[in-house]
Amino acid sequence: MAGNSFGTLFKITTFGESHGEGIGVVIDGCPAGLRLNLAQIQHELDRRKPGQSAITTQRKESDTFTILSGVFDGQTIGTPLTIFIKNNDAKSEDYDHLKEAFRPSHADFTYAKKYGIRDHRGGGRASARETAARVVAGAIAKQLLAHYNISIHAYVSSVGTIKLDRDFTELDLSQTDKNIVRCPDEKIANQMIDLIQATRVQGDTLGGIVTCVANGVPAGLGEPVFDKLHAELGKAMLSINAVHGFEYGSGFAGASMNGSTHNDVFSQDKSGNIQTKTNYSGGIQGGISNGMPIFFNVAFKPVATILQKQLTINSNGEETIVEGKGRHDPCVVPRAVPIVEAMTALVFADYLLRNKTAQL
Amino acid sequence: MAGNSFGTLFKITTFGESHGEGIGVVIDGCPAGLRLNLAQIQHELDRRKPGQSAITTQRKESDTFTILSGVFDGQTIGTPLTIFIKNNDAKSEDYDHLKEAFRPSHADFTYAKKYGIRDHRGGGRASARETAARVVAGAIAKQLLAHYNISIHAYVSSVGTIKLDRDFTELDLSQTDKNIVRCPDEKIANQMIDLIQATRVQGDTLGGIVTCVANGVPAGLGEPVFDKLHAELGKAMLSINAVHGFEYGSGFAGASMNGSTHNDVFSQDKSGNIQTKTNYSGGIQGGISNGMPIFFNVAFKPVATILQKQLTINSNGEETIVEGKGRHDPCVVPRAVPIVEAMTALVFADYLLRNKTAQL
Amino acid sequence: MAGNSFGTLFKITTFGESHGEGIGVVIDGCPAGLRLNLAQIQHELDRRKPGQSAITTQRKESDTFTILSGVFDGQTIGTPLTIFIKNNDAKSEDYDHLKEAFRPSHADFTYAKKYGIRDHRGGGRASARETAARVVAGAIAKQLLAHYNISIHAYVSSVGTIKLDRDFTELDLSQTDKNIVRCPDEKIANQMIDLIQATRVQGDTLGGIVTCVANGVPAGLGEPVFDKLHAELGKAMLSINAVHGFEYGSGFAGASMNGSTHNDVFSQDKSGNIQTKTNYSGGIQGGISNGMPIFFNVAFKPVATILQKQLTINSNGEETIVEGKGRHDPCVVPRAVPIVEAMTALVFADYLLRNKTAQL
Amino acid sequence: MAGNSFGTLFKITTFGESHGEGIGVVIDGCPAGLRLNLAQIQHELDRRKPGQSAITTQRKESDTFTILSGVFDGQTIGTPLTIFIKNNDAKSEDYDHLKEAFRPSHADFTYAKKYGIRDHRGGGRASARETAARVVAGAIAKQLLAHYNISIHAYVSSVGTIKLDRDFTELDLSQTDKNIVRCPDEKIANQMIDLIQATRVQGDTLGGIVTCVANGVPAGLGEPVFDKLHAELGKAMLSINAVHGFEYGSGFAGASMNGSTHNDVFSQDKSGNIQTKTNYSGGIQGGISNGMPIFFNVAFKPVATILQKQLTINSNGEETIVEGKGRHDPCVVPRAVPIVEAMTALVFADYLLRNKTAQL
């Protein structure tokens, strides 16, 4: 119950601290017989890794992984699949001055209160470095989903006040990784990049929004009443560092619509497939997928580490000044794209397995 | 894994269908020695029950409950606490014409696809009638929380396009139940009521937003990394019928802020309590409560049942017309207030118990 | 985590006390589309119910059940299946003299220590009356297993010092219910009945052993490493009131055998089925079923309530005398036969569902 | 649900195969602030490790462990505690001839049936090498239990037909590790050692029984009704490789006793402590500890790998001969002693934490 596991049948447990030996993940429940594409796992890690572009932190981590268990002859064998990523470029001395200070809007204070002891180096367990383990697990989940023709595409839809107004149906999502901010509209992408660079110069940071779309999800995934598909997706997203909001389908905008507009009318195409004419439901009705594309937005707050002096208190309750050192992202959303995809893949992999026992 | 349980240590399982024998809940894990206030449980049920005012459905349910187990001499005894609410006013014949038709934006189609069979009467298990069981369990959780001086207050902050602009810190939340729409600002409340009544006349429906505030939550609740406090709150809210979005603290607006503004600076008051000057974190940092008020917004889509003719298809894939009969709410948010509070209370009760083992 | 649930995918939660409103069970995870045979459920309850013969307690309970949820048109629909059995013949006044006394070898003392409060009437939650709920759930699990051609047969193999020496392969298990002690060997059965009646006259009680055999279990059920099939069967059996031991296959006797004798040699029959020539493995190897019959023994201690005066202490630590009143079994094993079968069925139903995701 | 986790609040997940990279464990839920004694962890591993004496397998593994996460400044910090043990002396080529053959009474056949693919090298995941990870976790659980003055002592009470007749209360358990067979009676120990050596010469193997005693367990541990303390201990023991039986307190012998003899009469000593005069209950009543010593027996079948030719079949169903190569134990019980203690410690650590929420 200590919160480091996610999923029920396709279940992961992550471990590791930012400046410890490394981070890793145990996947328990991956079906046997899945041939792993290791290059694809590395590719996903590379999309998340620090130092990948001019707009990310300059911490250098090769983020190469080692499989510790669960694979034989290149395939999963039904036993726990464990993957470990060593930490290489941890500069713990950058954090010595923070040993006693509680950085504003970080987890320093709350970890100290909860556990009575904390690893202050690089944020310890609270660091977003933990998400590398999620990306590895998600890359494997994606390979499982590929057998079911389910694909997942996330992209950056806003950075600070720069917003991409077009709907995902109007975008070419294959363009997402063509630029370093991972926005599939080149013009907006450039505005975002400019804003991030200008903000970094000021020692300040930005938030943003990631939008995610899943195609090919068959009707029937989701477990009423508490484990509705969107409830689990919401939890998955809200568990990512810095996320402050989640909405699917019509989302918050739906709250000001009328039912007569919002209702998605069913129709049947020539092949006998049932579809809805609109998709305010976001592909989910009653907590269960209906076969339409599933889409949602994830809001990230601005990065808490700023390169400016801030007043705060220390563990003795005394006022003190902290100033961001270390290497940090001015805006996390470009690197959050593969994390959002990973968590989405983990939810679908789990719900695919869960659905196998719905009917006699 | 079938999704009808919520919580880990304070764990509930709900059961029942809209037009079956009734609905109920088993609470497993409520500590022994809690003296129950039955009138308060009934009070919460009454806040949720149908037919309570001019702007709700006219289904008449007394929603009186029976305790089937777990209480002796007025106290909990550590054994499963089971409560049952009989269905009285189920008019199943109102649904006969819908036996084969898939109502737009309902769960009819998805349940049929998932289970191969469904109880079409009143929405069966997908009906929001199931939330009465949550309200009962939440009322008991609230009584547990009262021992820890934690209180929860939800209210309606928007209905359709009518929005309450003021922050919860500027409102007198004790006024919430003074009007039938449960908005603590009387003037806005009246506008909301007028809009609901006007919309009902047109056979149409509305969505809205419920805001919830928890006071007195001690620092330390929350389980990193997947079971962050706000992740579980998000899941809890998204599991409520018709919810399409969740945000806490700065929420979606936070995504367009800068870090230098968004960071919540710590300070210590004269009594030695640590506080933050602003509260964009919504009382939660790194997934753990920091002692400040916790607050969040929950977006509800408009009610899917409208009293208008709609085109749809039936289980044979043929086009057919459905028209809302039965008794329905034009807008669910006034009745959702106690449901939001109940789910919030269940999360805190669970996390209070979970936190008992954080330190040696 | 409060211990009132069993199973993972076919999951039950029981509730209720001996002298409360009644007892019941919620089954969450039964696949949709199972047509229930209600008469068979009642039949299993009748095999367990008190007052069924001259050698059981004379408490009279009709043990008729009500379905509160989860069934529509006679079939399961994928929603929680709840069944309730009202208590009718609870004579709580028989227990008034025991309100403060801790009966020897009962759960009075330990419940008082654990919870600080207890329902003393009829043993409260610790009463074996709770097992009626298990029998109901097990009867439904049996109906699920019948679709997979799995059958379960338990019988009494010892009562006190009277033992049935023959192996299950030499017995006609269809004879089990032909006598009131449920031993398939008529001669031994009569000796057992005589012993029970002679012991009852002395106000004393007996223990015994139930043997259980499952036929038709396909190879592949079981989840290494902690949830080995026999580990879960063991837990299931040890969770039944009064059980003090569990052994499968060669069991305790196997501990004094040599490997060269104990190893079960594989062979293939003409139809290509792989079998073992001996079955010391009890149908389970490495925690996974191998297709051979699964069998095990369950040891029950003698009933703790004796109709004799016994010295004990009360909640003030003072010495006091208790004397069994109320209506009690001189030996529980005849009534334990359907309980052992029920718990076995629940394990297999759960593991059948769990196995659905073992391979891609 | 894939079976590689054990415990609920003090929860472990083990991973690794006999001839893979190594084996390890993640502990999620260990309270923060526990100062670890690493030498004691190594000591427990050394008690289990191969090659430790003349009567064990000659595989040489140093079994040194690396902490991958969860420890800072020598203490636990509330985050997942991960420990890894590299495999060094895996001679996989010893198993090449077994790639297709199903060794009698091993898990080869059942893993192949369940997963469709298996790691045949050294038994893969089914190897008892996995228990090294349990011993590490158990060593940490023991350190947690020491804070509560709970101690656990297991010993060998039978090897083949050589049995130690005396009860644990008549033995000096501090003598257990004084001889290589871990029987606290020197004379019987020597007989056991002689038998093991004589049996090994014949290429044959032996089973045996391990008895375990826990002192200092406070009254109140155990979670009725399914998670009774002895039910979880039983599952824990039955999950250890080669275990075929579990009994606690009076065990199977209790089944032939009368209630008037078997009942444990309560009394109070001068200090006001409540005790029972006899302890047929094995320290557990109604599934909850009563403060008396807890004791149980665990039966191990003879080792399946014998150094003799055996007829079997291969994956094509053809008859073939296998002959044990590799390095194997003639009798596992001496090395099983620390494993039994480890699993016992894990159960108590978990139930101590679970009990923290029993009362308000």
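Order of writing sets the labels: A, B, C and D. Residues in every chain begin at 1.
Heads up, the rule we're going with is that a residue touches a chain if its C-beta (ideal position, glycine included) is under 8 Å from a C-beta of that chain, and two chains touch if they have at least 3 such contacts.
Every value quoted in this text rests on a predicted model; they were computed, and no experiment measured them.
Common contacts of subunit A and subunit C?
Output, common partners of subunit A and subunit C: B, D.
Would you mind telling me which chain pair, A-D or B-D, is linked by more contacting C-beta pairs?
Pair with more contacting C-beta pairs, A-D versus B-D: A-D.
List the centre-to-centre spacing of subunit A and subunit D in whole Å, with centres computed as mean CA coordinates.
One centre to the other, that is 39 Å.
Just give me the whole-number Å value for how far the CA centre of subunit C lies from that of subunit D.
The answer is 26 Å.
Whole-Å distance, subunit B centre to subunit D centre, using C-alpha means?
46
Hunt down the residues of subunit B that sit against at least two other chains at once, touch-wise.
1-5, 8-9, 14, 29, 32-33, 78-79, 111, 114-116, 125, 224, 358-359, in rising order.
Please name which positions on subunit A make contact with subunit D in the complex.
It is residues 1-5, 8-9, 11, 13-17, 20-24, 26, 28-29, 32-33, 66-70, 72-73, 75, 77-82, 84, 111, 114-119, 124-125 of subunit A that touch subunit D.
Subunit A touches which residues of subunit B in the complex?
Where subunit B meets subunit A, its residues are 1-6, 8-9, 14, 102, 104-107, 109-111, 113-116, 125-126, 130, 158, 160-161, 199, 203-209, 219-220, 222-228, 230-232, 234-236, 238-239, 244-252, 254-268, 272, 274, 276, 280-282, 284-291, 297, 299-306, 308, 310-313, 317, 319, 354-355, 358-359.
Can you list the subunit A residues touching subunit C in their complex?
Residues in contact with subunit C: 1, 9, 29, 31-34, 78-79, 144, 147, 224, 353, 356-360.
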